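Please see the structure below; I have some questions.
Residue numbering begins at 1 within each chain, and the chains themselves are lettered A, B, C and D in the order written.
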């Protein structure tokens, strides 16, 4: 677990948007000894009432501008629909607030770049809420990759499907695949080169509810993500293949989320003409190890990271650039999706919005 | 179970190729009361010995031409590498033999068409071994779709991965995705329009060991198949989504392979401006039913179908045209794969070999 | 779901014991529109502080007598160690309060009978917190049994194991098997006749941490429960066998908790002397159905039932007598356990405490 | 894997009983280079025909005496109903044949002792077919226990249930629990002291179809086995608890059959009076390791062991004494079962038959 800094000077925090994710940020701000939850804003009367009941001492408002202009608010979490991220984050930064913005950071790389610039110029912390980076599971996987346990990375293959919740302003890639893109971005420093995406829309008046995204990295590393809002069952399973070992990461497993398999292939030469029928690829099946994982809530770790960066000026684990890199892929994916998988070079992503 | 016809006049059968699949066909020929297993050919001395020990009375030869010229052989199963399917099947048909050929039927649609033509002209039965069509699971799914239980088909999403076996003459799409293409072809009469495929090759001197294939059908039906020879675990799981119900078909489940979920979405209008944040898509979760399935071995049913068609002249469940349609998609997939997912229109598949 | 009664006159509620279970009762009292949470008592300063922070307007005290003497408290939930249930419940009833007492209701049947009597004489509601009776899963199973779907009940076989939490005043039977006994009591009206129990204690200074309990019912119905505080994994799985159908109830399944199998045996006569080797028992394997279950929190339903009984005088779903019947079996089990499984007749349970 | 001895002088083998298990022994005799399959006997004409077709050169007879008197038969496998084991094994030994007898070795300890004596006097090998001892899974578990990895053994808890097959001459304990008793006997040298068993019979004209067996060992080691011929699903799961580590052994898992959990408890003193509510038992949750297991067929290893013992005179892994010890517990279990769990001291097992 990331250590709590034992600070005296508390950070005043505000939360814009109190729907599904906002209450989680609010709770983690409230529980972090280095923070005070000062204000919450939401356009819904119901949700404002919920906030007021949960946090009696906190200022609740329907107008986010009031929250932003509150001098007791030092830092703001933006938990609103994607299309509003850029405007709200920019307003917060301009008002001198540190910002955590829900994923994805914005609709375009231009917007993401603008936010990074603004935060940098003002010396403010900008974190994008790539939550999974703060889980015990992803931290363990990164550790294994960095230590070379997996060998060369071959593939990252993720299935992230369930029934609902349809989003109204983004398609299923921007809603679900964003998690895998942020994880991949965190796990490897290899450069993504091109993207191919396909998908379909089955419910009138909505966006794509099923989609598949492939990212081609330098070398022959390939990442693939299948996402679906209309699946009969919930699946959160990622296979990660390396030249030495392979991982099954199942986020729905109650305890053994990350299993490391000492499986792979060995190459030999065909012994004779006969054996040339099946290639001389040998298969190695070894032990499987599921290490114990830190179970601290991811958002708790993320808020701790946020606080530490505010105090120390350190670079956050999920900074604005991570957010930008993920949006670049999502934009390319949107272009490819519209053309049934035509590959889009990541150096040439069009500037249009998602 | 498909009924055994109680015939007196036995069909003499031969098997070319006695590696992994050939012995299964041989056993099912031997066990079918309407067939006699007459001859086996294989280029490997070891495999010939195995055949001779298992079937003492059967003629075993290293030269398939000897098998084909044997007048007691009425029908031949071809269980050799893909690249030899066309030549062997053509030779058998020309010699007046009925033919079962392992999947895929051939390397190109031209070859497939040539075989269909030859069989037709000579009044011979030509079956491609799309084994899954003869399983209780796929037959139940087809029945449910035909009865309208699923409503409009939305998607077919399959994961078919394991460690090994690398094939030497075809990539993982031609080896594994062929199963899903044959199942899809059997489940729906909707016309496939275009294909996008991606993949990667991680083992020097081999073909693609991981690949993803998307087939776009008329309307908005989408099929997607992920295949992998380098996965740490074995997965055989297909999600099928319809407007009324959804299926999870897990071929590794010992008993409940096909689960039908009465899940879906209902569409409403946003009650007010507030609720417009999340679209008014309602989620319906109902019962799940796993019907008892016929557990007869698929190959047993297939051989029964073969025998019936030989006697009655009926159209086989998996005829040459089914084989051709699957090869057309595989050829398009190979083209797309070479171009990182660029979609290939199925009316314009190039004539080059796979 | 059990309907909320829309009452104007609110019931003042108090919670004694704010450890693991008390907060859940408090939350359900607070959320039920027919109740007010008025007071909480606990001997721990930490837990009192937690209660005070969660429920600012509620009276928090270290002395339960203060809570009991509070005239605004109409009903009390007792969430303390088992050994204190009797004294606290009796004090509450004497003070004219309705009572929910955590399971098991008391240490002995004599105590249970005394509480039932006291509540009856004063016209007060006494509920024992047999939580599972209020779950969608157990309610569905009871419905299936009452409708005759399962046929004659053959057996109830439950495994309820995990790592921890060791209780200091009761052994693992009184802590975990009590759930299954309350479920069995609810599912069938058949009379339990005798009990056999075995167990072992592996941690110095504690009670039995592993135990197995068998209850013999009239006819040949048998119930068996395995419980364990020292298991490497968590299991909550119950098999229920009937002459017509069988159930697998897995409480850890996220959605399909209750699966009904149309499996069983059919009896025939041996066809001939040869077949007498294996008895002519035929096996029938049919469909499996997992019906959709009400997912309302059990305690919510229980509090609704409590409120309804207070207003209407109706008999609670889990009344004092249910509590007494379960304690009778637990007492017999303790006797049997001390004698390595010697069967104890339920008409002759000794009066000694557990 | 146990090494094949490369012997020149082949052992002539015979199989009495060609029902479910006999063909497996026959196949393993036929495939072992140190054996010849010489003769098979069975009372069923159908089964004799099956044997004749599978093994054309082998003598097939309806009269086991013919097989026993065949001088080319050096060793016999007895694969008949339990009630015939003693007579057949004795006849074989008297005729100077080495014997593998299916489990359980006989109906009584007296019979088992008589067989052991006879084999010993004649210098013949007598193996009881405790198959699981020859699996990679049980061999790995034994290795872990012998190396002290698990610490002190606390419990062995096994569930072995499925639908069918009802046996006509023994109840479900003698059919299924015998496996767990043989495994326990192999895993620990601790002495079993007493037995308690319960069960029920739901199908007229049959024996107990559901039963539970507890074995009390020296110290506080406890073994418990639940067996059931009328379960809706198949379960083969064993939990083994030790003071240091714990095992989940699931024989239905395709690959990771043995999982070792670094879980357990730690004992501390209560910090203060408050914390005495819940005992100061700490819970330790660590890594889980599933080591790769030898996948050689158990019967193959068993036949190798049989051959080695015939040649070297070594003590078999599952010798007659192991068979006797298991029968002693089964006899005690039958007595206890008839008295609803009354414990039976293993030093005082009555001499009556099962």
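Here is the rule we use: a contact is a pair of C-beta atoms (placed from the backbone, for glycine too) under 8 Å apart; a residue touches a chain by one contact, two chains touch by 3 or more.
What you are looking at is a predicted structure, and each value in this text was computed from that prediction instead of being measured.
Across B-D and A-B, the chain pair carrying more C-beta contacts is A-B.
In this assembly, C is the chain whose CA centroid lies farthest from the centroid of subunit B.
Centroids built from CA atoms put subunit B at 38 Å from subunit A.
Averaged C-alpha coordinates put the centre of subunit B at 52 Å from the centre of subunit C. Listed for subunit C are residues 233, 255, 285, each touching two or more other chains.
Every residue of subunit C that touches subunit B in the complex is listed here, in rising order: 255-256, 262, 285-292.
Those residues of subunit D lying in contact with subunit C across their complex are 19, 43-46, 81, 154-155, 157, 159, 161, 163-168, 194, 196, 198-206, 210, 212, 214, 216, 220-222, 224, 226, 228, 230-233, 239, 241, 243, 246-248, 259, 261, 263-265, 267, 274, 276-279, 281, 283, 285, 336, 339-343. Those residues of subunit A whose C-beta lies close enough to touch subunit C in the complex are 56, 233-234, 252, 254-255.
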